[in-house]
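Presented sequentially are two complexes of chain A, the first with chain B as partner and the second with chain C.
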Partner chain A sequence: MPQIQLKKIHKSFQDKRILNDMNLSIEEGEMISLLGPSGCGKTTTLKIIAGLVEPDQGDILINNQSVLNIPVEKRGAVIVFQDYLLFPHLTVEGNIEFGLKMAKVDKKIRKEKVKEMLSLMELDGQQYKYPNELSGGQRQRVALARALAVEPKVLLLDEPFSNLDLRLRETMREFVCSVQRKLKITTILVTHDKDEALMTSDKIAIMLEGEIKQYGTPLELYKKPISEEVANFFGETNYIIGKVEDGIFKSPLGNFRTTLQNTVKLKAMIRPEEIEVVSVYQETNTKGIITRSRYAGDRMYYMISLKGMEIKSISIAKEIFDVGEEVSLRIDSKNMVFYEV
Partner chain B sequence: MGEYKMNKRNRTLSGFIMHIMIFLLILPLLVLVVWSFSKSWPWPNIFPQEFGLRGILHVLDPSSRALKSLLLSIRLSLVVTIVTLILSIPAAKTLGVYSFKGKQFIKMLVLAPIIVPPVAVGMGIHLTFIRLGLANRFIGVVLVHLIPCLPYGIRILTDVFEIIGESMEQQARVLGANSIQTFTNITLPLIAPGLISAGSLVFIVSFSQYFLTFLIGGGRIITFPMMMFPYIQSGDRMMASAYSMVFILATLVVLIMMEKAIKSYYSTKNYFYL
Partner chain C sequence: MKKTIKPYIMLLPAMTILLGIFVAGLSMAFLQSLGYFPTIGLQEFTLNYYKEVLTDHGFLTSLRFSLWIAFVSSSVSVVLGVLLAYSIVKSKHKKGLEEIVYKLPVIVPHVVATLLVYNILGQSGIIARMAYALGFISQQSEFPALLFDKNGFGIILAYVWKGTPFIAMVVYTVLSNMNNRLSEVALNLGATNKQVFWHVLIPLTMPSIFSSFIIIFAFSFGAYEVPFLIGPTAPRALPVQAYAEYMNADLRHRPYTMTINMVLTFISFLCIWIYHKTFKLLNKYNG
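Showing the complex of A and B:
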């Protein structure tokens, strides 16, 4: 039974459609990502779940009960915003215990909870500081501690790492993931960074133009994108047009065995890293000329011209080929994804 | 080397200008102090011919009603300040945080009392107040003082709300604070510095009202400026200066106390709005 369900959510702001027939269900203890470019309605979705924004249509269920009529403060869905929004007039301690204080929890229990949070977030000794005396990473951990202190049913993270510098971002990402696994709290992470989504989440929902285009595990999304839109969003792609005849996909890149039915025209998507560039003396039936190459240390980016097409490839930089050189391409048809034209 | 010299010269120059400015601000006040103690100071003498304590003694004399009207004035202006702030907070939040049709127009309209002189509408208000039984009463004067005060209160707090936005309050709400808790625990401390500046300005505006108090108070509500005015008009400079001095000091003391009170209550540190 899913813990959180969004059913047919619609939302418009001043005639501008933000969310269009959005459906999503999240199991208890899962960490999922809402991934999409800015302005696709990710933050609005979080606000709708938390109750800060009311949907025009649709329903939200938490533990199988509609929460549309439950006010923000009683919903148990806490957002950690992008800029942390620590209360500047309260100390770290005051910030962390804020939610409990508002719920009129006994002072003794509050102090204990604060202590527990401080040690969980590795903030020991910081409790009497004010937010402006903390570093970026510390501020984020205080924001997280403040959210977790109220023991929410679901934790909503709105681009939590985008304000941190690159190195701190990776540390914090690991940290948040480990805390999430330790507490097994249902978490929704909003991000526009696909690497972040791939590395942190159990499942990813791709959001484009206010709709969820695909929802699945990171592996599914990367390897089997259901549409070109999703495939393009998730990184570099090559598209080859061909046809299927008697279980063979015939294309300019060669013939590949397939289980597909006969079709006149079909488009195959193949990731650059699935195309291996090898020496021309090796036996493959696809040969092309390198038109561009870029050295990136451990990898090589090639552009190969082949029967009037430009093919992208990312290969391990074991053997380096020069521009103008003829090479063979090794392609595994298992990793091709087919779309109808 | 040359740059350093240039820098030093610039600094002496700006220091000089600074001192001149301060001097120009202090000098009239000094003259006021001297005037309030001088019996006669005919032109073209640089210093007064004779000194006396008549002005100060009159103002401080319990039988002269000056102190009584001073206390009344402070009480009146404090009430006006509090009412203005209470009315300004919701108005300012609406104008500063939410977007709606005609917002710019309403923002302009709020400033109308500053643009249209109160004298122009004073007569009409007086007639209405007489009909409503508000004329010649403390509450009537409070109400009429709100007209010149509200624009300042709303304007300053609107800017404050524009800066802090709604996000802090939203954060408090999702953490489990209801709307009243959010207001007292988050909104008020966040806007406290704005409350101090708006409150100070509103207090001064109310404290220096003469015409509206005179009109609506009908001579029953005698504030400090009303005691002062006849002396200024009649040219009794010693008395007028003594009154002015007390006027300035009283304002200063009240403002400092107000700031101290708000700051200690909300333990406001010198933080920037986030």
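Showing the complex of A and C:
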């Protein structure tokens, strides 16, 4: 049974529709991402789960019970905000124990919890500092410790890494994932960074314009996007129009075996990394001319002109081809995704 | 060289007035309080005036009375002002009118505020008249003497009427500029609205609450017109006492006046020092 369920959530702000018929269910202990561009309603969704914003319609279930009438302070869904929002007048210790203090937890237990959190977050010795004396990464960890100290049912992370520089972001991402796995706490991560979502999550919900367009494992979303907009969101794509005849997809890129029924017109999506650029002397059925080439160290980004089409390819930079050179394309068709036209 | 001296030269006109009048006045008062007043033949420095004044029962009663008025009126203003500011911030509807109305008493001079209190609370004031019309009292003297009473009720009321909106103005500005999301965070961590108020909003506004408390405290401690107009004859507020001594035709009273003034000045400086310290506190977690 899923631990958290959002059922047909609608939300508008001043006639502007933010969330439209949103459904989502999350299993206990899972880490999922809400992935989408800014303004797509991700943060609003978190606030609705936490109880900071009321939905116009729909229901939220936590452990199979509706929490709509449970006020924010009793709901047990704690957000870690993008800009941390530590209490500036409290020390690290004061921040971490804040929730417990509000719940009138005994001082001794609070101190224990603070100690436990400090060591979990690798913040030992920092407890008497004020937030303005900490670095970005430390503030982030204090914010996380403050949220975890109240032992929430659900941890909500609102773009938690976007204020950190690149290297720290990776470290913190690993760190948060390891803490999440250790505590097995149900976590929803909001992000606009697809790499972040792919690397951290058990499942990803793609949100576009207030709707969840697809919800599945990172692999499913990347390899089998159910629509073009989802495919496009995950990066570069090639679309080829063709038709299926007797189990063969016939297209300008070549003929590929398929299990699909005969159709007159079909669009195939193929990722650039499934198309490898090789020397023209290697025998393949597809040949084209390089029109653009970008060197990215370990990879090459090519644009190939072929029968009036522009095809994108990402190849390993073992052999480098120049603009204007004729090349052969080796296409791996098993990850092709077909859409109706 | 030219560059370093230039700002000082440019500040000179303002500083002449500021330092000239302030420092000269203050040093003269200080010298006179020490018994140095050559105009009337007093040439010897002595601490006797301080000794006399500081042990004088009348002076101590006045000092206590002034401190009482200042403390009570400022404290009441702070409590009311903070509540007023908080309720304006919290109120959901449009804030056009209420943002202006509550500030009005700030621009009304203290003398006018005193007259208002006089007209409302006096034994011949509006409330007394209403009580008479409704048959609660049958003559003027039955109405409690709220003005000129020895607890300074009327004075305190006038100061509260002036002080509350001032505090509210300061606190409202701080509260409305404060990150509203900190309250959300606190709620999210399980705090009730009351706890948010006490554990987040109050501590964060405390430095400004405290410094505005000091401002109105220092003012109501040192100002003279309100207790002069609606204060009791005994005990007199310290500034009124100083004024009366100053107006004494016998110039030999002057050193006493100046001693009282020095005490007033000392307490005011103390307030400035505390004010300064609270700003440091503010910077501790905002810097």
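By our rule, the second predicted complex is superposed on the first by the 341 of 341 C-alpha atoms of A that agree within 3 Å, B and C clash if a C-alpha of one lies under 4 Å from a C-alpha of the other, contacts with A are read in each partner's own complex, and residues count from 1 in each chain.
Assume a residue touches a chain if its C-beta (ideal position, glycine included) is under 8 Å from a C-beta of that chain, and two chains touch if they have at least 3 such contacts.
This one's a predicted model, so the numbers in the text were calculated from it and none came from an experiment.
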Fit or clash between chain C and chain B when superposed on chain A: clash
Touching partner for A:Arg257 - first (chain B), second (chain C), both, neither: neither
Which superposed partner A:Lys182 touches (first chain B, second chain C, both, neither): neither
Which of chain B and chain C A:Val72 touches, first, second, both or neither: both
Touching partner for A:Tyr130 - first (chain B), second (chain C), both, neither: both
First, second, both or neither for A:Lys318, with chain B first and chain C second: neither
Footprint overlap on chain A, comparing chain B with chain C: 50-52, 72-74, 77-79, 81, 85, 87-89, 98-99, 102-103, 130, 132, 146-147, 150
In the complex with chain B, residue positions of chain A that touch it: 47, 50-52, 71-75, 77-79, 81, 83, 85, 87-89, 98-99, 102-103, 130, 132, 146-147, 150
Contact footprint of chain C on chain A as seen in their complex: 50-52, 72-74, 77-79, 81, 85, 87-89, 98-99, 101-103, 130-132, 146-147, 150
Chain C residues touching chain A - in the complex, by the definition given at the top: 179, 181-182, 184-192, 195, 199-200, 203-204, 284-287
Residues of chain B defined as touching chain A within the complex: 167-168, 170-178, 181, 185-186, 189-190, 266-269, 271, 274
